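Below are structures written as structure tokens.
Shared between the two complexes below is chain A, which has chain B as its partner in the first and chain C in the second.
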Partner chain A sequence: MEEVTRADDATRFAFRDDRSRGARLAWQARIFGAYFVQFLKMRLAYRVDFIIDTLAVLFSLIIQLAVLSVMFSKVRALDGWTYPQVLFIYGFSLVPLGLFNLISVNLYGFADEYLIGGRFDRVLLRPVGSLAQVIFESFNVSGLSEIALGLAIMAGAGVKLGAHFGVTDLLALLFLAPGAALVYLGVFLGITTVSFWFEDKMGLAPPVYNLIRFSRYPITIYSLPVRFFLTFVLPFAWVAFYPAAWFVGGEKFGKVALLTPLVGVLVFGGAALLWRRGVRNYVSTGS
Partner chain B sequence: MTEGMTATARLAPWRRSPVASLGLYGHFIRLAFLKFLAYRLRYYTGVVSYTIFVAGHYYLYLALYAGRAAEGLGATVGGLTVREMITYVAISWIGRSLYFNNISRDLARMVTEGEIAMHLIKPFHLQSVMMAEAVGEAGFRLIMFTIPIMLVVVPVFHVGAPAGAAALLWTLVSFALSLVIYSQLSFLVGCLAFAMKNIQGVLRAQMVGMDFLTGVIVPFTFFPLWFQSAVNWLPFQCISYVPVMIYLGKRTGPALVEGILLQVAWAVGLTIAARLVWRYSTRRVTVQGG
Partner chain C sequence: MEPLIHVHDLCKDYRLTDRREGVRGGLRDLVSPRRRDLRAVDRVSFDIAPGEMVGYIGANGAGKSTTIKMLTGILTPSAGEITVGGMVPWRQRQQYTRHIGVVFGQRTQLWWDLAVVESFRLLKKIYEVDDATYDRQMKLLDELLDIGKLLSQPVRKLSLGQRMRCDLAAALLHQPRVLFLDEPTIGLDVVAKENIRGFLRGVQEREGVTVILTTHDLGDIEQLCRRVIIIDQGRVHFDGELAELRRRVGQSVRLSVDLRDPAASADLAAVTAGLPVHWDDENGLRHVARFNRAEVRAADVIRLVVNDRPVQDLHLAEQPIEEVVREIYRQAAAGNADAEAAK
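Moving on to the complex of A and B:
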């Protein structure tokens, strides 16, 4: 049988849509809201799993805090950064990481489940963006625990710092955390998208994922080439240190934080463009 | 009739001479080695991962020691100088690249997917098979993973040489024992799947907790005394902390003998414990589908 499953051919099935852009966006948002509610219902059927996941998140948090407190029992400041400051950066880092973990689960198994397993054909047949469908088809609810614990640590560190956070800081958080989450999403989406062209036998994601835990420390402790790499090449400095600097970075880094959403949009936008090219390049396995 | 006879004969309790057992499990060592050799491409990026682990901690500890110097505090922390600390980090991760395996995850998968039933009717002990496979995997790791990591990490971070030829030899013996302890501990964790069905959370906790409890991330001498005496009673220190301290020359003479004997004791103790738990668990196993 001849293969006629290229994405271009699939567009023949697309229906004409005369609604305004705003109306379409609202409609899509409703659809993905329904996806989320559906997923929550499914997850709540396995309450014990959720509790165990949350305990695992809590356990890893306790260990991280133990490491930090042991480090700071030996020294008052790491390259001038005090314990509450480093703690705050760590707490902040959990919020975008939680947002990212909440929606990114499908990216890990994308090549196996969607491309090789053939689920991507079904995605292309629906009249909603393919990227949004893949992202919103599954959620990792333990991301919510990470967000909550991150906020708690930030609050605790804030008290230790004796800082007074006002409404502007709250607004900044609402603006910086999603921006930082976009950086995560962009980087991992970029890596995932590569599987449209190459079967991912090399496993690019694990080393990149392992880099995350070192992006939680003040990047000034790293040498200049490493700092350059984390700022411009694999921009993980923007997932924790730079945005958190708005709160604890003082004169030198406080303003840089505001660039975070811009970096997020750039990284994610680049990855999304790559995704579009990948979809055009997609040929179904036919399974 | 004859066919029926052979089928029952196969299900009868099996007996095998020690030499035949050695041959059988030796075969599993070879098979595991070859299996991992087929997936060797995946390990190239692993070299990058391990270099990142070492690099991250390298900078962290450099900042720690520099901070202490600036604050006028002593040049050693927990009995280690900055040079020794870097060596500690590097050797810990190099060792981990050798003894690490996924026995708990694989066993849990076999149990939840029902594949375990097929292993239960075969004439071998799954525990011994998995240990043999871990040895084969470690052989593969040594050549294709640990040595490449050493070739990158040792010159880049100026990792210190072992305290002497004897220390190097004992470090290798010690890491070989780590492999047994790690594998048996992992097998015990995997056995939890018999009772709990889904142990994803436990596996995550193991992933997160292991490197901390074995001393890979922070040496125990950094911790308060109560913590140090607590870990003395646990098997985890025998996986990484003991061999690395031997490498650094911090365990010599009686302390070295004590360390190795402690490892042997844990290796034997955990193997027996795992065998008992296995026997108890497989007596009441329920396989749903599969």
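Moving on to the complex of A and C:
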């Protein structure tokens, strides 16, 4: 073998990573910021698509609003919940949903594009967390309009309720909305992760996504088994009703709301652990 | 010297599901799937020193890509160990991948919809390349690979050869110490192949980068690698210098002899009687002698032939590496058959 003179120092060839944890976190944040900027540039190149997407989202939200107002024109209250209260819950539900939609597009196509299409090889070759890369490689910008509309509806409903929201409520929103978004993310990440083990498309995501709409009503209107299901099994009660109860739930549910971030961390953490095992089980496609 | 890459008894099993036919078969698959394990890589061991350039070759499905994917941290081994620069690729994937460069000929590592330069800028951020190093590397890579004109185009609009040049540049931007190349010249024309080979030789000589290269194109191996590892059905069948491979297989030289007169070809083999030379008649005028350089000097054969027969032309060539590898496969298959028979 040829003598490589530069190799006389053996430690030169031991790989190292000396960065602190904080430095690595900041570095990852910078990378995904750059991903987002790139994505926006790409999206804005197709401006018409962008506008159509946004309009489509607004249209579907307006229809849902109309359904709510028609319903409450027939009945005064729903199991003791008034129109402004239900409207507020609906408005709140849009904020975590928008956050979730903003970053979840790649989860739906994960099995097809990443596992079968082979893009996951490239993800694993980069020195960045694989889950974060998949999530931040694409965005659904219409999530932003959901967030904006949700905030507007909450404000409108708040005025109707005659409620006074202070700084505490604003801080609560900053914890509750991302916490609820983590619940969404955890549930759908869990479903996505299954495709590491089962090649066949599970097709579970769309029906589960449709169940989200049940989460927008006060949970007390459902029978006990349904309540149990939405609280502990498929925890969609935590994406809208429980956290929104901080604002409109009064004595009974106001405190429960504060558990939302914890539930979010648990659900998402569980799914992230499953993801780690999935990556170990990853079988690349033939070359 | 400490090996940079250490692979010991490495195995990878894939679990396959055999499908039954028809609707009833489909239902039965659902209840009790027929599964079996396929061993794609079987107790592979080798060590590679810093600065080596090693050809890793084998037929389709021999286990080449699976090995590379384990070395790069994409796949988790079923058994055995790998360390590269003291790190375990699959376990320390995130830290490890900062130190390696990878090019898959079949698939780009760049962002499909972005302009090439945007991809490079993202990679600069990801690998934390500082501005000065980035500028220096870009200048150097542009000189060597001529990618300057391509930078503003989206990756999807590049030709295969252009894309490969950009992929190579992207893999070297962060100055990795190990480079894994999986079929880097696949699908390229002769000129593009030569460019890529010249570039790789330069990088290896100048920077002492350690390179593992898989390929179908044995021209890559002949021009780039001194050491070859041959794998078939998941097992290593040869690991050594290219020259040693030729010696092992024997008959490594081909001497074609064009005679002036077909009549002169009668009993040509008698001319070299006593020497281990094998003669083939190609078309009456052209005859090919094969012999092992270790046993017979080419000069002796040539002298004997020229002194005895009217020769128009002579051509001496090393046996093409394809034939050498085919011979290794044949020997491996014969070995397997013997082992089966012994059972």
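Just so it is clear, the second predicted complex is superposed on the first by the 269 of 287 C-alpha atoms of A that agree within 3 Å, B and C clash if a C-alpha of one lies under 4 Å from a C-alpha of the other, contacts with A are read in each partner's own complex, and residues count from 1 in each chain.
Operating definition for what follows: contacts are C-beta pairs under 8 Å (C-beta built on N, C-alpha and C of every residue); 3 or more make two chains touch, one makes a residue touch a chain.
Since we're looking at a predicted model, the values are computed, not measured.
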Review point. Is A:211 touching the first partner chain B, the second partner chain C, both, or neither of them?
Key: first
Practice item. Pick one for A:222: touches chain B only (first), chain C only (second), both, or neither. Key: first
Review point. Between chain B (first) and chain C (second), which, if any, makes contact with A:60: first, second, both or neither?
Key: first
Check your understanding: Of the partners chain B and chain C, which touch A:27 in the superposed model: first, second, both, neither?
Key -> second
Review point. Touching A:255, do we find chain B (first), chain C (second), both, or neither?
Key: neither
**Study point:** Which of chain B and chain C A:284 touches, first, second, both or neither
**Key:** second
Review point. Touch check for A:124: first (chain B), second (chain C), both, or neither?
Key: second
Exercise for review: Report the residues of chain A in contact with chain B in the complex, numbered from low to high.
Suggested key: 48-49, 52-53, 55-56, 59-60, 63, 66-67, 70-71, 73-79, 201-204, 206-207, 210-211, 213-214, 217, 221-223, 226
Point to revise | Residues on chain C engaged by chain A in the complex (per definition of touch) | key: 1-2, 4, 14, 49-52, 61, 64-65, 69, 72-76, 84-87, 90, 93-99, 102, 104, 106-107, 109, 111, 113-114, 118, 121-122, 125-128, 177, 182-183, 208
Practice item. In the complex, go through chain B and note every residue touching chain A. Key: 41-42, 44-46, 48-49, 52-53, 55-56, 59-60, 62-64, 66-68, 71, 73, 77-78, 198, 200-202, 204-205, 208-209, 212, 217-218, 222-224
**Study point:** Residues of chain A that touch chain C when the two form their complex
**Key:** 1-2, 4, 6-7, 10, 13-15, 17, 27, 30-31, 34-35, 38, 41-42, 118, 121-122, 124-129, 280-284, 286-287
